[in-house]
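Two complexes come next, and they have one chain in common, chain A, joined by chain B in the first and chain C in the second.
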Partner chain A sequence: MNTWHGRESVDLLTDLIDRELVDPDGLPVGRVDDIELRRRPDGLWEPVAFLTGTAALERRLPRWGRKLINRSAKLTGGPDDTRRIPFEAVTDVNTSVSITRQAAEAAASPAEERIKRKVIGRIPGAGHASQ
Partner chain B sequence: MRVNELIGAPVYNVDGSPRSYVIDVRTRAEHGTLVVDGLVIGRHHWRMFGYEHRGEHGPILLRWAVGALHRHTRYVSWDDIVLEGDIVQLRRDWEDLPRLPGLNS
Partner chain C sequence: MIDLEGPVLVTGTDTGVGKTVVTAALASLLLSRGNSVEVIKIAQTGDENDAAEITRLCGVRARALTAYPDPLAPFSAARRSGLPLLELEDVVEAASDVQSDVVLLEGAGGLLVQLGAGGWTARDLASELGCPAVVVARAGLGTLNHTALTLEALTRRVIEAAVVIGAWPAEPGLAELENLKDLPGPRLGRIPEGAAALEPEEFRRRAPGWFDLSESPDSVLDQVTGEASLLITSSGTALRMKKLMALTLGVFSAIGGFVDLGDIVASGVVGARYGLGLTWAVVLGVIGICVFAEMSGRIAAVSGTPVYGLIRDKLGPGAALVNLIASFAVTLLSLTAQIGGIALVISLASHIPHIVWVIPVGIGLWLVIWRVKFDNMERAFGLSGLTIAVFAVALWWLDPDWGALGQQVASVAPPAGEPLPTYLFYAIVLFAAAMTPYAVFFFSSGGVEEGWKPSDLRTQRLNVMLGFPLGGLLSVGIAAAAATVLLPKGVDVKTLDQVVQPAILAFGAAGLAVALFGFFAATVGAALECGLSCGYAMAQYFGWPWGKRVAPKRGARFHLTVGLCLLVGVLVVQTGVDPIQVTEYSLVFTAVALPLTYLPVLVAANDPDYAGEHVNGRLSNGLGIAVLAVIVIAAAAAIPLMILTRMGA
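Showing the complex of A and B:
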């Protein structure tokens, strides 16, 4: 039977967009904000990559939403560029989308890293959370 | 092309009248990959929540609400549309398009 991760049919918005992207340990690394489609030589279109990041999300937001995101992003050094995760990197699809470790590293949000380093890292005791 | 360019795009009937919007992009599995099969189109932008194709039955009130909101929602095969910039032109009359199975069952 023709299936893709156990599914015969996938509605891209309902089933994939806004799902959490998780690494092989189950840790969240981002969210599916958009999906790239490519036209095949036979004329059919196929989804080829997940896109994540505020730049990818902006297309779906109303104007006020885009302004809010951009102003918030300025506090963390500017909006993230779009990161692209090829469909070949998907290992499982259920309530979240599991991807390979290499893809997870590529999908990690630079803004989140900056917040960890510049804000959370300066909180006294931040480096000893497990103690 | 990106899915977000299609979602919400206006859909025009064969006679040129504005008829609906793209609600979702349906794909089918083919040799381990996905291929775009068609579009879910409706008169408003409300999402489907998956009730139309996964045999979901509850919560019953949400299912009823989704069924009522999407009573006019249709499925159009990719062969029955033409993409013209950011609009979708139907090649087949809206009245001939099938409703989504499972919404009111």
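Showing the complex of A and C:
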């Protein structure tokens, strides 16, 4: 039987969606906010990629939540485009989904980058972890 | 010195530094001490066969888990050859299956070379196994930097290490001799150059002499970071100290999360009104928080998932968002209360109105979160908070009617003349003061940050079982002191300076100073926990990088959230609201919001995905459900009772 990261069957709704995406160091990249499906020639739907970002999350929220998230995203210069992580970039599936470094970099949040550039990065000591 | 028992990683500052010969020599040393040894070469690349060489030299069983034809780093060699990559779990399993006393794991190349699937490194392996590392270093120029870098990388994951010089020249030059003095880290030994050319019998005979297990300069952690001076070098003590330090996390969570302003106020108010007649509510709260924290700590250790991670996963984005908003609001309210509390404590000590202190307090808290090291923060505030025990000591000093206090403890009904609804309202307030969800967010997120593994579960349980009941005792101490001093006078506690009266009565100005110091530490600790927890909850829901261990630059949204929460708290207190009242409201809303965070944790603790083989047993589930019932009743009754009794008036 074919397995996918050690699993014979995967329930997209309970095993994958909403799980955390992490880079090879275990640092969060985002969450699986949505899953992209593709229609195969045989008519079946096949999941091909994870989507992350507030734009993807919004679609799964009730209307009030959508508005709230959208407005808060606007406050920080968003909402940004959804980032796509193809299934090929997945290296492990657990309570979190590990992805390759390259995919993690591609999926990095523009909002995080903006806040780092405009606010946090300007405060002295921002580069030091207070371990 | 490191513990040569169980798995031990042999790694290097570079490739070709003599890992193989050091491994063989170490194996010979261990054999000479009567240990059984096995060697695992993690990945072999190129034409050489290190495992065979080790077996030839020292005679122990050695095998390579995989081999790739190209003489490259394993990750690259695997890609070129198309052969499968090693899974970290398989290596961990192979190391754990070994029956010998010691299994030496020889990496390939230096410490951070990617060895297998997903790019895991020898460091990940050591961290996963919780084993020490032997770092093989060169003798000549350049080694000081390489060795320091390697040790630093190990220290970051709290992996103990010792250094061996892989090839010590027969005629050392100036650089080698000077390096020998300056090489960082505890020195385990040096292997003479050309040792591999010795006859195997000669090699085995001489190898033990190349190591010096007694030589013990300061620990690596100490040398590299200048911190952790408590880590002492002899392995047994080091291990014990490490365990002791791990415990401070629990104690800190308990003091900060348990005895916070909410608890101080609630204990003072209740003690002055009902004596110890509501101790049962504190006991329920302590049991509740222990169950809650133990489950979430277990999940954090097994799956590395903090509370809000699993809430989103279990509830889906919509319900989890409702949950997030409610818990976030309650935590922000608690943060506001603590900020006000700190300002009040300072104003009691300085006789300058608390409103003056709000902004300095906010700035101070932010600086601590921005700059202070996590361990120092834990230790400083956790241990200082223990001085709240001054109330228990004052009680003993005042020598009250112990029989009457005992009778109060045993009662579960309101004293004569006291209305039942008010009594129950205060029971809920005390219960909520004990079961603060932010303490659990903090505890489980801290556990994830500290990289707890299933092997840490015992420490984690001990944290919970020691920390929270200790916090409970401290708050009962406050209540008992109030029952002895304030109750007979009929004082209706409305301010902090009333709460400290028993300490003053017993010990005068010194008592006041100690009590205020304890309150200060506890409220600062709680404010830090609340502030960080606001950030944790948001970051974990949205999947942002979070935590105190990543540089603020790498957790920009997390730090922005924490900073803004502090700002909101400061601004609210600055308006002049009474911090004590904010505290009382925050406790009521805590009670209302509790089921939201508790239920998903209880569900996840039964899910093998999250808790692995450590899912709830019968006892845990029995307790878990009993606590759930109490939480639901308290949540449902909190607001009606608040309105009915007009905040317990």
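Simple rule for what comes next: the second predicted complex is superposed on the first by the 125 of 131 C-alpha atoms of A that agree within 3 Å, B and C clash if a C-alpha of one lies under 4 Å from a C-alpha of the other, contacts with A are read in each partner's own complex, and residues count from 1 in each chain.
In this section, a residue touches a chain if its C-beta (ideal position, glycine included) is under 8 Å from a C-beta of that chain, and two chains touch if they have at least 3 such contacts.
These figures come from a predicted structure and were not determined experimentally.
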| item | value |
| --- | --- |
| Partner chain(s) touched by A:60 [first = chain B, second = chain C, both, neither] | both |
| Which superposed partner A:106 touches (first chain B, second chain C, both, neither) | neither |
| First, second, both or neither for A:20, with chain B first and chain C second | second |
| Chain B versus chain C as contact partner of A:73, first or second or both or neither | neither |
| Chain B versus chain C as contact partner of A:93, first or second or both or neither | neither |
| Partner chain in contact with A:9 - chain B first, chain C second, else both or neither | first |
| Chain A residues touched by each partner, larger count belonging to chain B or chain C | C |
| Footprint overlap on chain A, where chain B in one structure and chain C in the other make contact | 15, 33, 60 |
| Parts of chain A lying in touch with chain B, wherever the complex brings them together | 2-4, 7-15, 17, 33-40, 44-47, 51, 56, 59-60, 87 |
| Interfacial residue positions of chain A with respect to chain C in the complex | 15, 18-21, 24, 26-31, 33, 52, 54, 57, 60-62, 65, 68-69, 76, 91-92, 94-96, 98, 100-101, 109, 111-113, 115-116, 119-121, 123, 125-131 |
| Residues of chain C defined as touching chain A within the complex | 117-120, 156, 303-305, 309-310, 312-313, 316-318, 320-321, 369-374, 539-546, 548-554, 556-557, 559-560, 609-610 |
| In the complex with chain A, residue positions of chain B that touch it | 1-5, 7, 23-37, 40, 47-50, 53, 78 |
